[in-house]
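Two complexes follow with chain A in common, the first pairing it with chain B and the second with chain C.
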Partner chain A sequence: MAALFDPLLIAIVAPLAVALAIGCGLPKRWSVRLAYVGFGIPLLMALHVWWHYSAQTPVSGYAFLRQYSTGLDGLGVSLKLGLNGVALPLFVMAGIVGFAAGLYAIQSQAERLKIYLMLLLVMQGGLMGVFASVDILFLYFFHELALIPTFIMVGVWGGRDRGYAAMKMTIYLTLGAMISLLGLIALYARSGANTFDLIALREHLARFPLAEAVQRDLFGLLALGLGVLVSLWPLHTWAPLGYGAAPSSNAMLHAGVLKKFGLYTLIQVALPLLPAGHAHWASALAWLAVIGNVLIVGFVTIAQRDLKQMIGYSSVMHMGYAFLGIAAGSAVGVGGVILMMVAHGLSVALLFQLATCIHHRTQTFALDEMGGLARPAPVLAALFVAATFASIGLPGFANFWGELAIFVALWKYSPLITALAVSGVVISAVYGLRAASRVFFGPATERMNEVASRQAPSDLRWSERVPALVLLAALLFIGFWPRSLSPAINPALPASPVAAASASR
Partner chain B sequence: MTFNPFSVIALAVPLLSAAVIALFLRRRGAAAAVVSAGAAALLAANALVLALGGHRFTDSAEWLRVGDWTFTLGVKFDDLAALMLTVVGVVGLCVHVFSLGYMRDDEARGRYFGGLSIFMFSMTGIVLADNLVMMFLFWELVGFSSWLLINHYHERQSAADAAKKAFIVNRVGDFGFLLGIVWCQARFGTTQLDALASATEGGAVVSAGIPLLLFCGAVGKSAQLPLHVWLPDAMEGPTPVSALIHAATMVAAGIYMLCRIEMLMVPDALTVIMWTGVVTALYAALCAVTQSDIKKVLAYSTLSQLGYMVAAFGLGSLKVAHDDHFHLMAAGAGAAMFHLTTHAFFKALLFLGSGSVIHGCHHEQDIFRMGGLRRRMPFTFWTFTVGVLAIIGLPGLAGFFSKDAILYLAWAKDPAVFGVLAFTAALTAFYMLRLWRITFLGEARGEGARDAHEGGLTLTAPLGLLAALSVVSGHGWFFNVALGGSFDGIMDEVVHPTGAAHSVILATSIAVLLVGAGAAWILYRPAGDDALARRAPGLFGLLGALRESFDRGYGWYVAKVQQRFAMLLNFLEQILLAGLIVRGLAGVVGLFGLGARALHTGNANTYAYWFLLGIAALWAAATGYLTF
Partner chain C sequence: MTLEALRLAAADNLWGAIMPELMLGCIALLLLGLEIVLPRRLHGVIPDVAAAGLLGTLLGLALNWSSVAVGRETFNGLLFHGTSGQLMRVFFVLSALFVCLLARVTLPRHTAPRVEFHHILLVVTAAMMLLAQSNHFVMLFVALEAATIGLYLLVGYFRGSTASLEAGLKFVVMGALSSGLLLFGIVLLYGVAGNPALPGHTTQALHFAELSRFLAANPDNFVASLGVVLVLAGVAFKIGAFPFQIWVPDVYQGAPTPVTAFLAVASKGAGFAVLMALCGQGGAFAAYGWLTTPVLTAMAAATLLFGNIAALTQHNVKRLIGLSGVSHAGFLLLGVIASAQTPMAAGAVYFYLFAYLAASFAVFGVMAHVAGQDDSEQELDHYHGLAKENPLLGAVLAIGLGSLAGIPPLAGFMGKLFILVSAFQAGARALLAVAALGVVISIYYYFGWIKAAFFETWTPPSGEGAGPARPERSPVTPVAAFVLGALALASIAIGFYPGPLGELLTLR
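Our next item is the complex of A and B:
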């Protein structure tokens, strides 16, 4: 029986199956109950693989490796599932964030809740698939599977400007995805290995590397397409607008998990397969990221007056750090990016959830119209403050490790860029603490008193607390115990002097 | 990998206390207070056992490895760490006990005591850290606990602003600190203190940039010019917090950190550090003269004394004749740590004394509305008097010895520094006597002062203990006999004046004491207004403007430069990127028939349709790419 148990496939299929059942007309009462299962199973599977990962003997660096025929084997397409050290942390994070987003959606009382849950479950299935796929085409397929519900959810359940936001998001993300697909297919075509299997591609290209000019073009194509998806400046403007309009669970999943697809693909595919391409583009990438994402977007974040837009921009800014780690390219830098992706996914999801909880109590996202919310809602205040400090990189939360490792790696790449990048820690403290202070501290504004007189703001209900606590617990756990992830990550990183030395011993 | 159990206790006890309070005792203030105070008592006892029991050890465990970079959680417990841990433990316990009484009626006692426990955890971490990254980690955490505790009365806008300002200004310093750490890591391949020491002893050349960047951290945390602006505002926090965090321990962490990285110091860096300290000492003493809030006077006094310590460190090492040969002593670090220790006791005493006054006067903080407290609060009066005498350097009390060690070092190394520091000492005597006389003598001038009353035992007992320490902690026999020479590793580096220099220093320090205190005694009488403002309004205004200059400058920068720059970028962002390019792009897409309106429908079929079509088209393109 053990041979039949594939936690990765179960994690992908369970939410999709539940979505299908709901789509087939399950009554609402049962849909909601089944949704718990649909979000719960991926989490359980994620925790299962996390727990058992170290005991596995990886094949070509991948554990839990399984292959399912798709009938397209001639083209080199097969559903090959497995986790390496880059994928495992993100798979686990996807499980946790998906669970929290699902729980929050179930209690959200959204209109047409059934369809809302169904779309979210499709997204969850796609997300688990993204990080479990060893086959590049399926990697892309699952990404697209998760992306399409995003457009619909923004367009239908979105807030202010949802029409424009949905259109803009769709155009940007579709274009980005298509450019990356073009890059991936060209890589398939140019490698001559006749396979989308990442393991086989790696082995093949290690023996027959692509010509430098080809590597350059391909890396440029991938960096452009994936750059749009990860909101590399100046291709980022869809992000704050889209997140500002997106319904909360959708924003949690997209900003937290789906957006990591681009970085993940760069690390899994572009870095190992196209080293010369990376060397060619690293400098441009680093300057765009530090001047654009960290500094310009950092200042733009300071100027935001809308809480959700502020969080959206701050997320764009943090992606700058991720690009910097990738530009540095060393084992420390890439390892830092992986840690940071996990941490950022958890913390930005937490922030988006709590922003919606705040909106329920203030009826506004405008920071100028809030104030003094800590008195009626101390738990909400404590959680939001914790999430803010996590996202500005306070030690004790997971985010600290990623940022620190990226800075360490970046110094060897360029001290000047490091100095510019580190100044971001001041910028993020400014906007983070300013927002927390505007919402929760000081006296209440007149507008806030008016809202409170109609309906006194209450503290978080337990149904709102549980998803937030799940995310916070994960942030603290990794923050205090980073070794829960790092031993798995290390073998998957680009070879470093130490790794080489220990291998030769 | 086995850790010394004492160091585990030192870190785990306050952390557990904070966790228990956060999870279970949020609304049970009384229980939270007991848990937190119990943890502080255990920590203090543990610190004393460790420090005086001759335990000296190093430990380390790998905590994270990414590529070839490792972060270890390590402990370096030498005499320097032992001294600092003892100070933190003892003052921490006093403040916890004081808080039991002072915060009795506070609604948010749970959060307050939880915050104190987080602080004790973080501060212990800084003290024990054996590498710079670990120190930075706990460094940030004390910054957080400081934010939390300044923000305690968060309904007050001023408290919320002060907390935010403290954290952001500290982050500016930490920007340099972090860069310095990263540079150090790249230069030496490690940030472990012992490894750095052996590298520099082995002749490794250190660029002045590394120690100066690391020093930025101390400028923020120890509130040196130009990042001092957060500390006076931090007085918005509860008074026991001001005593513990913003006077005795956290703000001194910068000096402790400098002593930890002494091996990286080069002459150029030391000169910068010295003058930063000297200027801060003088500037803050000038500011203290015009304050009317009892806590603000003490806050500027703290700044000034921290400047003293930084200056002492910057003075650096001294060649001392020792049995026919010369011996290089880390006199700067020794004198700085000595003054840190005595200052921790007498400044905590003064702050807790001011807390007792504020508590007794029903939250009156304006000294011109006090007066006559000598009779109504005799215990507070006498212990506060001890604190005042200690800080102004009355011979025989703690401050006298540590200040003399610094003055002597300055005398031996740089006459200009000596002159400024001596003048600062005179100012110290001046403003402290002013504070003391106006607060305690004369007749009661305000409602609060008229029915002032002494607090209970929890308020007075810490004052008594700290007063005793303020008397004895400067004497050689206290360290050598009473403490059994446990801290010789650092105390032996303190250079005491001998011979002719001794007479000069003694005469100077008595002279500045008499001049400063005498001038204050003549000028100020217990009255409802400031005598200096009445008699020399020009000078008073000048000092006030001097004090405000930095805040004005930063205020101007934030409002007029940073905010406008941010608004401008935001405007460009919205117009150029969001408007022009995207709508332009949408137009282009529309031309190709994809049509914005089709995408508007939100219809799943449309999306899926375009998606599949797109894949097919791209597949064709890619295959074409193959055949070229």
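Our next item is the complex of A and C:
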């Protein structure tokens, strides 16, 4: 029995199976009930592997390793599932955020709820697959599986400008994904190992490293393609627009989880396999991230007048920190990026969910037209302020540890960049707190009174509270007890590419 | 030639090796015979006889997969029976079978004779099967012409429709031109290879292996290179590659939908079977790789760009799928180029063709049901609300188009992936970038179609100047529902588990 039980495969297959059942024409009542199962099982499996991870004896760094043949063994392709220290936190985060997004979607009363849930379940299955795949072809495969529903959901259930936003997202992200795919294929062809299996690739390239020029090209290709996917400045413009238009559960899953695919692939694939490429590109990446993502986008965020766009821009800005950690490349930096990805995934999902809750009560996303919502909706206000604090990176929340580790690592890499990056924290405090005060405190605006006279704004219902509380609890849990993740992460971190990175400066 | 030589030659005629083709020819004749013998009220069964004959042929092929003849030449070198030939035979029979199904939907709406349609279809299929196994330019040309002339008839089959007639005429003119180019190329090759002044000259210059030997001995002969380029041009017409793609949109639009499907899948497959025999590893033109590779590379890049960009602006779905088919030809050309150096590429091309077959017939099946009385007017608007009114057709369409667009987890993605991997191994970097760009562009129009079917609602035109009403959709018969569902499931299954077809990658 134990031999048959593969939590990773179950976490991937369960949502897909539920989606298939819904697609085959299950009646709506049953679809909704089954959707709870479809979102619940990945969460349970994620918690299961989190709990049991330390008891596992890892094989080549991976626990829960399983291999399934897809008939392409000759090509070196097989469905190989497993978790290492980099994948585990993200797998857990994907389970939690997916559960929250799913719960929120089920109660959202969206039009054509069945198809909405079906697409979200496909996304969820893809997301669990992304972080469980050891085979880099399947890594890409699952990413695409999760990405396609995003386009459809933005195009159909989106808000303002959805047609334009969906098209722009589709073009940018497909382009990014195609470039990344070419990069992965190039890696496969150039390595000469004739396998997409990451473990075998690592072992092969440790013995026969690629020539430096090849590493440079490959890393550049991957960084460009994945950079588009993670909204690296100046290729970020799809992100705020798309998130501004996306329906909330979709934005939660995409901004929270799917976008991490790019960073995750950089850490899992590009950093260990192409150290010389990393050394070559690190400083370019660092400067792009600090000037573009952190400072320029940070100031743009301050200027936003639309709550959802602001969260979208802030998410772009925080990706800058992640790139900085990757550029630093040391164990501390990369570890910080992993923690930060988890924390950001939880906090941005929480923000997107609460933004939609606010919209339901104010009928607008425009910050100028809101005010005084704290009186009728104190729980909403408290949760939003907490999410804002988390996003700024206040101690007590998981984000704090991620950012702190990144700054520490960055200091060794370049004090100047660190100084610039730390000033970004002030920027995020400015826009975060200003948005919170605009929405919740101060006198109600005329328009707000008008909306309130039609329908008095109520506080969060329990169906809205539960997903938010799940996310907040995870943020606080990791924030107060980062050791729940760090022992798993540590052995998976790069030993000392920092020497190579700093030597290249 | 003495009697003894004739006898020796006849001993090489292994009739059993071409049993499937012979069977199809006999069934084709049987159909005509049945039309004379059977009373008029029983004529309805004749198309079923054709379909049954195709099924039988398929079964026979499967049972005799590794028959005596595989791996050897027969008929004095006219034919070579290889694994790829077997694969393409299956490919053509499957295509013809699906065309039969489409014809059951489309033909009853028109006052067109049904028996002759199936007769020509079977003959063309047999010709294509021989074409894919030809090992000699005479065989190649005769088989190609037999197939093409049949297609001329089929394209202009709806005599009452001006669009169909126009398409037929265009196809004849362009087809004649391309046959001329091809023949001219063959003659040049024959002439130069028979020149006693050149090293390695041969009297059997039309035989692929002999020609290949001659070309290897004369790696930079001008006349021979002219011949090679002209032959490629003739084949490029068949597959609709730039700059010979200009007939595609009009002919695809005008032809009856089943014929469009046949052109898009089988005819294109035939062209690629020939290209693989000529330009693949160990092909007739292998020694002229220095020439064929740049020519094909330029052709592939232009084809990919033209097909995708031209498809962006189309509103008629038949033109759209025609132009998207042009871009698929570009992708397949990438595989052909790679196959000169990477053994895996040949398998990738065949895999792509089969994935393309499943996806295309799924889409064409839906098109046949949505089309109305006027077969050439199939607008994107007509698909509005399809998914709501007929979820099965909607789902099949989405899966078919998704597979054509190359979206994981569908078969089309795997096909594209294998082609990209093999192209990378062959070092065709610049072309890879073009191909990636093409994929990005193609997402736009495939999604536009899916959007029309799923997310737009149909509003009947009202008031003055309103457009014509939407055509009546054909009801989906259980057989059609089963086949279309099976095609869609096949696309998904092959995408998740390419196992059995994956074995093709270790082909040869």
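Convention: the second predicted complex is superposed on the first by the 495 of 505 C-alpha atoms of A that agree within 3 Å, B and C clash if a C-alpha of one lies under 4 Å from a C-alpha of the other, contacts with A are read in each partner's own complex, and residues count from 1 in each chain.
To be clear about the criterion, a contact is a pair of C-beta atoms (placed from the backbone, for glycine too) under 8 Å apart; a residue touches a chain by one contact, two chains touch by 3 or more.
Every value quoted in this text rests on a predicted model; they were computed, and no experiment measured them.
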May I ask you to decide whether A:186 touches chain B, chain C, both, or neither, giving the answer as first, second, both or neither? both
Touching A:178, do we find chain B (first), chain C (second), both, or neither? both
Please indicate which partner A:170 is in contact with in the superposed arrangement: first for chain B, second for chain C, both, or neither. both
Check the residue A:303 against both partner chains and state whether it touches chain B (first), chain C (second), both, or neither. first
First (chain B), second (chain C), both or neither: which does A:155 touch? both
In the superposition, chain B vs chain C on chain A residues touched: B
Please indicate which partner A:211 is in contact with in the superposed arrangement: first for chain B, second for chain C, both, or neither. neither
On the A-aligned overlay, A:437 touches which partner chain: chain B = first, chain C = second, or both, or neither? first
Let me test your reading of the model: by the given contact rule, A:59 touches which partner, first (chain B), second (chain C), both or neither? neither
Identify the partner contact of A:144: answer first if only chain B is touched, second if only chain C is, both if each is, neither if none is. both
Where chain A meets both chain C and chain B, residue numbers: 144, 148, 151, 155-156, 167, 170-171, 174, 178, 181-182, 185-186, 188-189
In the complex, chain C touches chain A at residues 344, 391, 395, 402, 407-409, 413, 417-418, 420-421, 424-425, 432-433, 436-437, 439-440, 443-444, 447, 451, 454-455, 496-503, 505-506
The answer for chain A against chain B in the complex is residues 144, 148, 151-152, 155-156, 163, 166-168, 170-172, 174, 178, 181-182, 185-186, 188-190, 234, 237-238, 241, 296, 299-300, 302-304, 330-336, 339, 372, 374-375, 378, 389, 394-396, 400-401, 404-405, 407-412, 415, 418-419, 422-423, 425-426, 429-430, 433-434, 437, 440-443, 482-483, 486-487, 489-490, 493, 496-499
Chain A-facing residues of chain B, complex: 26, 62-69, 71, 133, 136-138, 140-141, 144, 147, 151, 154-157, 159-161, 163-164, 167-168, 171-172, 174-175, 178-179, 182-183, 185-186, 562-563, 565-567, 569-570, 573, 577-578, 581-582, 585-586, 589, 596, 599-600, 602, 604, 607-608, 610-611, 614-615, 618-619, 621-623, 625-626
Which residues of chain A touch chain C once you look at their complex with the stated criterion? 23, 25, 69-72, 74-75, 137, 140-142, 144-145, 148, 151, 155-156, 167, 170-171, 174-175, 178-179, 181-182, 185-186, 188-189
